[in-house]
Amino acid sequence: DGGFFLIAGPCVVESDELNLRIGEALARLSDDLKLPIIYKASFDKANRSSPGSPRGPGVHEGLRKLQRVQEATGLPLITDVHLPEHCAAAAEIVDVLQIPAFLCRQTDLLVAAGATGKPVNVKKGQWMAPHEMRGAVAKVRGAGSPAVATTERGTFFGYGNLVVDMRSFALMREACDAPAIFDGTHSVQRPGEGGGISGGEPRFIPSLVRAAVVAGADALFLETHPEPAKGLSDTTNMLPLDRLRPLVEEVLALRAAMGMEAPRV
Amino acid sequence: DGGFFLIAGPCVVESDELNLRIGEALARLSDDLKLPIIYKASFDKANRSSPGSPRGPGVHEGLRKLQRVQEATGLPLITDVHLPEHCAAAAEIVDVLQIPAFLCRQTDLLVAAGATGKPVNVKKGQWMAPHEMRGAVAKVRGAGSPAVATTERGTFFGYGNLVVDMRSFALMREACDAPAIFDGTHSVQRPGEGGGISGGEPRFIPSLVRAAVVAGADALFLETHPEPAKGLSDTTNMLPLDRLRPLVEEVLALRAAMGMEAPRV
Amino acid sequence: DGGFFLIAGPCVVESDELNLRIGEALARLSDDLKLPIIYKASFDKANRSSPGSPRGPGVHEGLRKLQRVQEATGLPLITDVHLPEHCAAAAEIVDVLQIPAFLCRQTDLLVAAGATGKPVNVKKGQWMAPHEMRGAVAKVRGAGSPAVATTERGTFFGYGNLVVDMRSFALMREACDAPAIFDGTHSVQRPGEGGGISGGEPRFIPSLVRAAVVAGADALFLETHPEPAKGLSDTTNMLPLDRLRPLVEEVLALRAAMGMEAPRV
Amino acid sequence: DGGFFLIAGPCVVESDELNLRIGEALARLSDDLKLPIIYKASFDKANRSSPGSPRGPGVHEGLRKLQRVQEATGLPLITDVHLPEHCAAAAEIVDVLQIPAFLCRQTDLLVAAGATGKPVNVKKGQWMAPHEMRGAVAKVRGAGSPAVATTERGTFFGYGNLVVDMRSFALMREACDAPAIFDGTHSVQRPGEGGGISGGEPRFIPSLVRAAVVAGADALFLETHPEPAKGLSDTTNMLPLDRLRPLVEEVLALRAAMGMEAPRV
């Protein structure tokens, strides 16, 4: 309905115990702050840098595990889809489908996601201008999904580095007539700088998140884990779970200071 | 076998008449210059900027049309694959599979291509450092394809622009232990600058191609069409067919001047 | 003393009437908000894009005009120096010397500025990493100026575009042990995009300024003019004078929301 | 007269013995290859990264040392000017004045150089589009110098890296109606990556030089030293003197292969 919200969770579906531990923390945060939170985890990491990196439980098992989080916490779910045939299966379980940045130009995937009628979040490729997202959003909408969002997750800024262009939120929103979300954890990746994995600089998450919110981001995306270094993916750029609440509280205080209405579940 | 070669053809599979007209010109060029040429056309443009742009004849019809070119000209074939299930079907007809730049991180696609045992050409994503191609090549090789090449097709250089880093050929070759090809026509694209299609500056094709060859590119990739503006895709960046022969002759002269051995079919 | 402050004024010294009009507005703003404001104007635009563009009144007349603003408003002054011999003359009148971004590597200029003992603000070149400012600051400090600041004014992001890297404030502060200021008006320039002058997108000033402040900028730099289009320089990127107060009030509200102490004159 | 030529020499004026040793090698090369060579060395390194780095002998002593090279070898001279007052003094000794990249927007310097009537070479700033050089060239020409050249020395490509855009030579030549030179040694710098000095990757000099020549560079600029690591500046990116001749021979062979006329003194 246009209000502020948060997409959060571990990068990849982990054990039920860990998924739930994160989910329960997010559900409490949502209740306490009256902030809508969508639980995010991927059932498959389909584009790891190296062939030997773990990929997750796969679509069948992954969706079952996500469903358990939903049942236990009541949180709505979002997950990545990588192939057209995943879309219908995922749409039976999750509330929102997400198109990974690398795949935001793949027409068949966008159309299959849109054809589910579910809301779809399309991440902007690291090589694209904000206005280039117009075509991606049009493909999803044209296929039948009325609710589409876009996400900025950092733009190529020389080999091994990304920059967040704070003009991007306004430019994507104008070009696409859709909310523009800020992904504050992938934006601090250092691609190819980790010796076969993507490196990262998580210390910049809070300042970039604050900046994005006051620059006009409509919502936030933050991968979080109790112990990022022990995660199965994105170990170098997730936000420690205990850092999430203070950051979100700070963000809500900034929004209030700007006269932006309070979120509500 | 390590010698110089050319991948050329229209961006997308067109009518049989046009496919053959281009194929026959390429076959003559190959004979005249003793230069191995692989005929390239895509059966599907799976990542057009806009939802309404034409996509090509599809996998079944497209592969049949490619086969006709092969039968008429004797040229080996290369085509793009966009989904894992395309790989085996394409491998029955074509000699080389190609992974599009946007998809060079998709593990399932790389593995399916490698599993055919065919040679595979992986294009470097516009957001990647040359050395980051190591993982992509390892995925293809690990799946069973012994012959892998990489292709530089321009790197993000600010919104709407690409730059060709001439260090890329040496860096990719070192990182991947594989030939590094230069795509001289996609490198002159101006992404998102054409009002819903990718723009281009084809006047820079010859100078970039010459530069890449003397900087160390192992082979060339050039989309060509008798009348680029009438093509079904990439109308703003293909090389006019009658400009191909003089450019290739110039390239061979430069290679000879550097003491690089003559190509031979 | 480490508190928040604002550098503001017209790009170039204009008529006494206009200089004063801007100065009086700034003095009122400073009083009303208890915000230290330093009045900025250049006596010479020494690096215009085109040979025919106006340059300002020159060092002698320019400094006299600045002094009149100071006498009438009580505001401290800052001005650009472009040649070593300007430093001592400027230091007799103004309170802070400023090194333009293009000149931030010129040792003689940095040393001459530092030798005045005055505070010096060094703008970061558009081609430099934040940590590269360490050498510039060391040159000024080594020459005798104890109070040095650095300023982010946008970084090259492809031809004709700049991006503000919001990590820059923390990185410059760490590398230089000096306050990191955000220049919110030059950062929206579009260099070379205005047909012989620098273009600009002033509509992004507020969002970038808000973002910079919550990302950690220690102070702000904003060129302002009652009618930017009638200014003698930077006509496409100055902030209209009547937009300054609401923006500064918003910034102070954001700082208060983050628990950063109130500014005070 | 429009023919191909080479600017070469040590980065900074060194001892008479070393200056001459390099000059004599260059004079022999010029004779042997019928290639016009202009001897280059700077009397002052006015923009070192760090305050403690050596700067050279200064304008008076530096020009005397350059004159000795000229007397002994007969080579014409080029040197950098950093301040307007250097121009007339330098013009008494050297044949061509050079504007450093960082200073290519400083109107007074460009005008003072142009007012000498000597040929002037203006290096393109690392933050500028090729067409933005038009204003710099106009300033020099307007001041009285009929012969102006521009030089590409690499463009910002993320923190700590430069890229050579091979389109730059055509674009600068068109925008400025002036020869476009390629600086093959500064283009391999890694700014700020050397811990207080600029790093470099000299292994890429030959491939970039070859590429630039066939992409349309009108002339070359190469800093050279018998033992780069013992040089007083640019130790990480100069070309070893014994590598210069084979590289120039290769370049001339490439030019001949393209049907470009032979150089002649």
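Order of writing sets the labels: A, B, C and D. Residues in every chain begin at 1.
We adopt the following convention: a residue touches a chain if its C-beta (ideal position, glycine included) is under 8 Å from a C-beta of that chain, and two chains touch if they have at least 3 such contacts.
Owing to the predicted nature of the structure, the values given are computational and were not obtained by experimental measurement.
Counting only chains that touch, the fewest steps needed to get from chain B to chain C is 1. A count of contacting C-beta pairs for A-C and for C-D identifies C-D as the more extensively joined pair. Look at the CA centroids: the one farthest from the centroid of chain D belongs to A. Centroids built from CA atoms put chain D at 33 Å from chain C. Chain A and chain D have Cα centroids lying 49 Å from one another.
Centroids of chain A and chain C (each the mean of its C-alpha atoms) stand 37 Å apart. Residue positions 157, 159-160 of chain A each touch two or more of the other chains. Across the complex, chain C is touched by residues 157-161 of chain B. Chain contact summary for the complex, chain B toward chain D: residues 157, 163-167, 169-170, 201, 204, 207-208, 210-216, 250, 253-254, 256-258. Of all residues in chain C, only 46-51, 55, 82-84, 102-103, 105-108, 125-132, 134-135, 138-139, 142, 155-156, 159-160, 191-192, 196 touch chain D in the complex they form.
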